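Next up: some structures, all given as structure tokens.
Both complexes below contain chain A, partnered by chain B and then by chain C.
== the complex of A and B ==
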């Protein structure tokens, strides 16, 4: 089973990189871009068989290492 | 009095820290490798040096905060061991939760590397007792991820409890409330982005950092 972990800054936390990306897109003529937010995706290859259990484990991984919950939030997606 | 410096892969200020500590204590610090599991019991003060531990993978300081030696450090710091982290050391201390908040990408996205003027906001700590309150000192800064962030409740608490030890005179990185260095509630764990260990010799361009090391030694 695979887990995709999406990590991004919480709303209200300054994201200067996202802002620079939006500005560059505007400079390229993509005027419809109001804002950009930069995050990261971590793909985990898991030996787990039970989805509920896998999700609980990945949540623990996020809390312990993958995300810094002072500034970041995360979302987990499981795939077979 | 015995001091120690923790060495991670890609620490790059470990020898600067060792030199500063030897200069002030007259005795070489113990250099502790990150795979070691225990801080020797005779150590009174631990320095977490600057650098790019584990290549800054994931987040600055994140991997180091999970290393075997840091688990023991956290346990001993919670029992009162004096610990200071400079630059990457500060990032590691926030990642362990020993200090609140987080260090984020500089607001202007640039790596800043220059001497920076700091205001000693609280001279009544074991890290600043040798300085006059509100005096200005100059330490070098050299970082990309130094923008201090914490929510308003944490910032207000730090402010109220006098735990903002240093503020930038000219904020170089977007740190909230100009925060350059803070201590924990008990006062034994201290972190700052600037480098006092790189301001202890005339050849460094100044010796303002000596006061910080002398303060620590005095307090032990």
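== the complex of A and C ==
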């Protein structure tokens, strides 16, 4: 089973990387870009069989290691 | 309109960050994790109206700035 974990900054947290991207795109002539935000995706290859259990485990992984829950939020997607 | 750009390493490219994640998760007792891959998501807030045109523009942004196409591949998703 595969788990996709999307991790992004919580709203209101300063995102200098996103601002740099938006600015660089504007400088390159892409004037339609108003704003940009950068996040992470982590793809996990799991040997679990049970979806509910896998999701609970991946949530634990996020809380313990993958996300900094003070400033980041995460979303989990499971795929067979 | 919003564009989501998913950027990941091409298959076969060494992913030390992914390996570090997998190893750390194993060390924390998550033995079900066989492998991990880390990628980026960039969310763009666009003032474009036309979907086809927006997609073509975002593709140009990827080629010019967002992705290193020698080692990375990208996938674009548009949302209203």
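Assume the second predicted complex is superposed on the first by the 80 of 80 C-alpha atoms of A that agree within 3 Å, B and C clash if a C-alpha of one lies under 4 Å from a C-alpha of the other, contacts with A are read in each partner's own complex, and residues count from 1 in each chain.
Convention: a contact is a pair of C-beta atoms (placed from the backbone, for glycine too) under 8 Å apart; a residue touches a chain by one contact, two chains touch by 3 or more.
On a predicted model such as this, the values are computed, not experimentally measured, just so you know.
J.: Would you sort A:46 into first (chain B), second (chain C), both or neither based on which partner it touches?
T.: The second partner, chain C, only.
J.: Just to be sure I read the superposition right, which of the two partners does A:21 touch: chain B = first, chain C = second, or both, or neither?
T.: Second partner only, chain C.
J.: Once the shared chain is lined up, is A:35 touching chain B (first), chain C (second), both, or neither of them?
T.: Touch partner of A:35: chain C, not chain B.
J.: For A:56, select first, second, both or neither according to whether it touches chain B, chain C, the two together, or no partner.
T.: neither
J.: In the overlay, answer first, second, both or neither for which of chain B and chain C A:8 touches.
T.: second
J.: For A:66 in the superposed arrangement: first (chain B), second (chain C), both or neither?
T.: both
J.: Taking the two structures together, which residues of chain A meet both chain B and chain C?
T.: 64-66
J.: Give every residue of chain C touching chain A within the complex, in rising order.
T.: Per the touch definition, chain C meets chain A at residues 6, 8, 18, 21-22, 24-25, 28, 30, 32-48, 54, 57, 60-61, 64-66.
J.: Within their complex, state which residues of chain A touch chain B.
T.: Chain A reaches chain B through residues 13-14, 16-17, 20, 64-66, 68, 70-71.
J.: Considering only the defined contacts, which chain B positions touch chain A in the complex?
T.: Where chain B meets chain A, its residues are 58-59, 62, 66, 94-95, 100-102, 104-109, 147, 149-150, 174.
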